[in-house]
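Here the chain labels run A, B, C, D, E, F and G in written order, and each chain numbers its own residues starting at 1.
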Amino acid sequence: MIKPGTLILTVAARLLMPLQLLFSVFLLLRGHDEPGGGFIAGLVAAGAFALYLFAFGRRAMHAILKVSPRDLVGMGLLLGVLSTLPAWWVGDPFFTAQWWTIPIIDFKASTPLIFDIGVYLVVLGSVLTAISALIKTDHEDQPDPEEATWNH
Amino acid sequence: MEPLMAVSIGILFATAIYMMLRRSIVKLVIGLMLLSNAANLLIFVTAGMTRGAPPLVPPGMTAPEGAVADPLPQALVLTAIVIAFGVLSFAVVLVRRAWEIVRADDLDKMKDTDT
Amino acid sequence: MQLALLMGFLLAAVAPLLHRWFGGHTARVMAAYPALMAVWLLGLAPEILAGESLLLEWAWVPGLDISLTFFIDGLSWLFAMLITVIGTLVLVYAGEYLRGHRDLARFLVVITAFMMSMLGLVLADNLVTLFVFWELTSITSYLLIGFNHTDPEARKSALQGLFVTAGGGLALLAGFAMLGVAGDSWSLVELNSQGEALREHALYAPLLVCVLLGAFTKSAQFPFHFWLPNAMAAPTPVSAYLHSATMVKAGVYLLARLHPSLGGTELWVITLSLVGALTMATGAFLAIQHTNIKKQLAYSTVMALGTLTMLLGIGTEGALTAFVVFLLAHSLYKGALFMVAGILDHETGTKDVTAMGGLRSLMPRTAVVAAVAAVSLAGLPPLLGFLGKELMFKAVLEAEAWRWLVLLLAFTAAFLTLAVAAVVVLRPFFGERRTTPSSPHDPPMDMLVGPALLAGLSLVFGLVPGLLDSLVSATASGIGTAEVTAHLTLWYGVNLPLMLSLASLALGILVFRHWDRVRAALTRLEPLMTRGPEAGYEAMMRGLVAVAEWQTRMLQNGYIRNYLVMTLLGLLGLVGHALFFRHSPSFPFSVDAYFHEVVTAGLMVAGAVAACVMRSRLAAVAAVGIMGFSIALTFVLFSAPDLAITQLLVETLTVILLVLVLFRLPRFATLSTTTERLRDLVVACLMGTMVTLLMLSVLGGERLPRISDYMVQNSQPLGHGHNIVNVILVDFRALDTLGEMFVLALAAIGVYAMMRFHAEEYDAKPSAPPERYYD
Amino acid sequence: MIELLKSGLILVGAIFMFLAALGLVRMPDLLTRMHATTKAATLGATLIMLAVALHFGEVAVVARAFGVILFIMMTAPVAAHVIGRAGYFVGARLWSGTVKDELRPNYDPLTHELKSGLETQENAKRHPRDTDPD
Amino acid sequence: MMPQVALPILIPLLAGAVSLVFWRSRGMQRFVAVAGTGGLLATAIWLLATVNREGILVMHMGDWQAPFGISLVADLLGAIMVVLTGIIGFAVALYSLATVGRGHEKFGYFPLMHLLLAGVAGAFLTGDIFNLYVWFEVMLVASFALLILGSEKAQMEGAIKYVTLNLVSSVIFLVAVGLLYGMVGTLNMADIARRLATLEDTGMVDVLAMMFMVAFGIKAAAFPLFFWLPASYHTPPVAVSALFAGLLTKVGVYALYRVFTLIFNQSPGYTHEILLWGAGLTMLSGVLGAAAQYEFRRILSFHIVSQIGYMILGLALFTPLAIIGGVFYIMHHIIVKTNLFLVSGIVHRLRGTYQLKQLGGLYRSHPWLAVLFLIPALSLAGMPPLSGFFAKFIVIRAGVEAEAWGVTFIALLVGLLTLYSMVKIWNEVFWKATPEDGDADPYPALGQREMWLMTAPVVGLALCTLFIGLNAEPIYSLAEASATELLDPSRYIEAVLGEAEEVMP
Amino acid sequence: MSTVILLSLALMCLALCLAFVRLFKGPSLPDRVVALELFSSILVGTIGLVAIATDVASLLDVAIVMALMAFMAAIGFARFLERGGPRDD
Amino acid sequence: MIGAAWNLLLGFAWVVLTGDFSGRNLLAGLLFGYLVLALIQSQVPALAGHAQRLPRLIMFIGFFLKELLLANLKVAFDIITPPWYMKPGVIAMPLKASNEFEIAFVANLISLTPGTLSLDVSDDRRVLYIHAMFLDNEDELRRSLAELERRALELFH
């Protein structure tokens, strides 16, 4: 039986993965002004989890991800669609950007940002869904706890 | 540069088509990858290429100073790249499942549904 | 009237319900409906017989000039009367004939629907509406022929009938379309008022051919006659109704109806006379040759239809008079005879006349009815059939085109028909008694009332033909271009037609005497007469399937390569043609490129080419990676950092994905031959060249200003972002991005489902039947 | 001065990169090729990033340049290790001039167990820890 | 703001997202399936009513004026198509409740269905050429996933062909968009139309027209680009087949109508002549393909191809009447073809096979099903007075008026051959006695609820067919109004761009 | 662009070509992976050079992502090898 | 570690207090924080050794760069000259480093220095297998590797 990763790889993964994740959030948040944005950030984050996956296996990756990648996809899509709706509330066409300044930290929140976060989640969730589905059938045979939650 | 790229992209298309016409399913997938890359590049190149002026507004300004590269095709290509990524991931896995289920690498052996 | 017609369809639809309530009486109950209609029509008689006509307007699809307007003149009134009266009788008859049959309700549905369709057909003023009812009769007739649907022969005959009549119907549709276009109207009344212009129109010949095709197929004219005898697979009431009295006459009706607008030309006269005469003779020959009573009657119907067509072709006043009389006579005696045939079949259990004999004593009432009807069929006085035949001979002698040939054919048909009439009555009812599968006796009243009434009418009209004067005049006037005044009488004096009648009587008796020998002699003609066109039809059907299979083998052959090549050749052909013949390209050849840019492009190409030529899968993947990285570098060199990042992230993730997948896949193998590879190479190179030429054309051609300049100027002030590409992605063109998100999500769902969901594991719920794709 | 230093850094960096590639082509076996690539390329990238830092001189850019250096130094050896290990264990043929191989005897290709060669002396005193990778 | 322009896209998107979020809850998914498609249908009707009353509706997404942002445009054709999408979506959703297995539900059947509908609706409503590409992809990938759901051997084989050829189409489309942008510098279709008219070199316009023709021709399954369709449509669960059969190719047809009336209308003598040839060959090859088949769904699949020919014929003739006929044909065909697939599903549910040779006896055992089959089948064959008759009649009349004898003849012949196929099915499935081996294993009887869920959509669609046939006038006027709009693109352009000066920064 | 940069770019390009040669020649998969890895490393340098040459600092973001993520490909390949994928493939 | 965290915190506090959010100011904050911590480290046991880390780190980086450059030249020389001077081989290097982080750190450093490449760590983590290019003087090599490990481990203690 092959172990998921060697010592050197696991240590590197432990170091690099948070770094990559942090970097992905950075790319996401500043994407409106510099190269970056939801896609790129999402792909980086997906790469980060993929590294973790290679080093520690699928179960460990799910453990740090906490939610199922499919939930991420769903949430991301929902966020993306919902971010188009506030415009309706104020009577603008869908997708019209709404900007709000959050007073205390002087952070400019906007529907494009929410939208971009949606993109981020979808990209991350999709790639992870695909990769973990591929990995699962690759070598793990035990039933997946997440599959048992399906209500009949 | 554009004419040169036009020729290069032509070759990319040719390789893609050639690979897609092979009988091996794996080659088919590689052909599809080449094809989508070629198409994306084509959009980028046809819209015109600009050196050293990315479409970014410098901090504190409202518009770039000089001429910048056309941002619109870039956005289109970005969309197209991501779409192609999704579609190709699907195609790759499809090929794998097809192989597992049909047990034939040869596309010529996958014609039961037609005949 | 329209409402009544639509209600009739509704009545048809609720027949099963009625059947539940009324049981065995349903047919009689439903027969009340056409009877009522007949009464209503009878109420119109004074006006119609006085030569007036009625136009009942009713809009349907005004945009297309389609209306449900009904036009009632002598011709349509006569047909409508026949349809409703015989329809009533047939319904009553069928109720008894099919008593206890499990499909009686379905039968009633279809035959009522047929009746209404037929009625609509003869009443419609609008070409399209007429066509609608025309096709409805084809379909209902199909359902009726295939009534005994578990019998393969019945199904085959039904298909044949449908295919021939619907095929003709489509020709008719084309003809109508041309007619409508040529006459700039879809109303028969209007079209009939501009016959001159139509006959001069450039479309006249093609539209006439199309219309004739439609009419000839429907009315079983040579060489389309073969479907009609096969249609005898239907229950006898159906044969009586559809295949003698009504549907098959739809074609004749149409010809009569269009006579004012299309008739009279040389093309019309020659085609109709010859085809009609040929059909007559064919029908008569075939009738004499068969022993199955229904087939005999069917072929004699073919003969009668030929006669009617021929008369329309001759088109003189006398011919039109003869047409009306013959039409009426035929409907009456043939309806009666079919019902008699049904009684025989019902009572004896066989349809073969040679197997029956001496039934007169067992079923005397039937015998009388049969005899009367047969005498009319034979064309003997004092029945209406005699009058019809006399008038027919008279008309033929007036014919302008091919007179003697037509006369010869008509005469032949006449004496053969006489022989048939003799066979049909004398064989079963007279002579020595033969045992039949079931023991016969006279049927119940319901079955006898119809034939008796029809035969009786033949006799009444034969004895007092003057009753028909106004009807014949009104009808013939509607068909002809000029007023026709008819004075019918049984005795026109000793003239050529009478001579011909006598001669035919003599010859007919002769043939009957030697029927068995004649039959034997005629068998030799069989291939010519029946197998000829029918074999043609069957060869055509086989050919159709063969061509279809050949095409499928050629095109839809399962080889994805072939699909791709076809698709790409389609693209190459179309775009290449446009590129070379529609466009005059001017290519700019000012290559300003730095060394490193050229190398980058070169590496990109090299990576792609390497992916093609390398013999290992993962090496090819790595080579694709090189290409991807080179493309990313191109993006860097030409000011697209976002793209470069995306490209290389995607490239990396793709490699990961591929590696995960390829692990489970087989290695590359050399499968194609060198020739195939060369062919593919040619296609590939052509595609590549085309793309290059396209790009050069666009790059060197006229280029308009970009909308993106607006985005460059406004992305910061309005979009509050410095990265213009990102502002486009999340604001200007956020809808694209939204779609793209969903694409990615969908791909992920797909991948997940493919890897984890195998139907056999999940859908093994007990209620789902198994899929069988390969059985 | 800065210009000169920058040019020097760039040129030397580029030369190292080139050498790395040359080594990759020239070296006789997988592991020696990896020697050529990992370090020279890392060094080359480092030097060029230093030049970038010098060239732009803004904090944000300098930070990014150092970011690149840091990341490449973190990832390059990991990649090298992973490939080298995989290449070696699945049977990369070593160059004929290889003088020594202390690993091969300690590796069991069936169980993928890699011994240290010290077990016999201390008799496997060490017990599994919970920090062990699973 | 008129939200009904965007809601037919946003509702299924939202429904898809919600279904995905609640992917663990079967009940929720089933509820959303009905509610989402019902909402789609409702908003679509609302949209059509508004468009019919007020003319072309435009929404500039994100409030970016055309041509800078993406505009959604609902003209009559678009609105009609969206309504049809709603009808089919709702019908198939109901049908799916009864027919789709638990495994399918668990692995995303309903989200995929919603998103397929969203892609289709998006394609019908967008006024932006690249956005059209995006919706095509949404639709396509959703269809990929639906096609393979279940991972059966036939599905895999069909899917490979489907995916490959459709990707080729996407790439051709993408390349054409790229070239187009390079030439005219805009993506808004109205703007493209306006700018192309100012180009001096119309040759390149024709070249691009050919590229779009091929790209959409593949989607529409026109000759010689249709191979993917008969290779795959008979492989997925029948609800999926029905959804595909009704909508997917029609998106290609719609796109052809859109670009060849709005954008590439400069040289109809060239482009539409080619379309005419394509239409004829499509009709013929499709119908011949069907004649050789003995599998229920394969026959139907080939007939999709042949019927596409009629629709393209309408566009190719390019006369007002022809366009009316084409639009009418699309409306009729979507309903009828979906219905036939649904009926085939019921047959399969009852007998466990789609092979005609093994079927039989259904006329005896299920007369109501026989009627439900006959209505769409005869309509498909163009038999009066059903919807298909009027569709065919208009097209043929237009052909005669345009004196296009060849294609008119083919159109008629194909009608006959279609009838032949339908009768073949009728003969084999309904009339023929049950073959010896056909009813070997007794399938469990349909549950009451299951049966209602399966039959209700079929009955509903059959009623639509009858309604269109017996009351053709309103549908005709709708098609006529739509054709008038299509033939006068300036109305579309004005609605999108306003009457302002040409915007060429 | 200064001569030094052009010269350096030329050198880097040659390096890229050499890496490609190794990738093409193989002979084993690890060799190709090493070549791909080197290719990406050289790209990082090249991007730095281009950034200097064009004075566009934002290109460094590409380099960062490359430095941080490109090695993942190598890890993927290594995984393939370790799971028993044929190394001469 | 606590020291580093404190230092970071102080740096941020500085940035917030001064209200200047530039990177330069953060650097300044970190520097001041470092100095402050260096001043108080004798009083706070948790901060022991904090101040020594920076000079050690700087010295280590210098050492490492020197090694990197010199050895790279050596390899480069071998690459460009046609004959091979190298004597490659795989050696086992006993590790002093105990926890996995240290082991990985050392292994990666060794990989980065030319002429040596870490292949793998033995399962019991006591030996690092290294592929070396120049085994002509193995003892010298082992010594310099040990030196590298020692200096690297110093950073953590």
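Here is the rule we go by: contacts are C-beta pairs under 8 Å (C-beta built on N, C-alpha and C of every residue); 3 or more make two chains touch, one makes a residue touch a chain.
A quick note: this is a predicted structure, and the numbers were derived from the prediction, not measured.
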Could you tell me which chains are in contact with chain C and with chain G alike? A
Which chains lie in contact with each of chain C and chain D? A, F
Taking mean C-alpha coords per chain and comparing to the overall C-alpha mean, nearest is chain E
Quick check: more C-beta contact pairs in D-F or B-F? D-F
Could you grab the centroid distance between chain A and chain D? Build each centroid from C-alpha atoms only and quote it in angstrom. 30
Chain-centre distance (mean CA atoms) for chain A and chain E, in whole Å, is 35
Taking each chain's centre as the mean of its CA atoms, how far is chain B from chain E in angstrom? 28
Chain G: which residues touch two or more other chains? 100, 107-108, 118, 120-121, 125
Using the touch definition from the top, which residues of chain C touch two or more other chains? 552, 556, 558, 560, 564, 568, 602, 617, 637, 639, 641-642, 645-646, 649-650, 652-653, 656-657, 660-664, 691, 695, 698-699, 706-708, 711, 713, 721-723, 725, 729, 731-738, 740, 742-752, 754-756, 773-774
Among all residues of chain A, those touching at least two other chains are 2, 6-10, 12, 16, 19, 33-36, 39-40, 44, 47, 50, 70, 73, 77, 80-81, 84, 95, 97, 123, 126, 130, 134, 138
What chain pairs are in touch here? A-B, A-C, A-D, A-E, A-F, A-G, B-C, B-E, B-F, C-E, C-F, D-F, D-G
List of chain F residues in touch with chain B within their complex: 53-56, 58-59
State the interface residues of chain F toward chain A in the complex, per the touch definition above. 58, 61-62, 64-65, 68-69, 72, 75-76, 79, 82-83
Can you tell me which positions in chain D touch chain A when the two form their complex? 71, 74-75, 78, 81-82, 85, 112, 133-134
For the chain A and chain C complex, residues of the former touching the latter: 31-40, 43-44, 46-47, 50, 69-70, 73, 76-77, 80-81, 84, 95, 97, 99, 108, 110, 112-113, 115-116, 118-119, 122-123, 125-127, 129-131, 133-138, 147
Contact residues on chain B for chain A in the complex? 54, 56, 59, 78, 82, 86, 89, 93
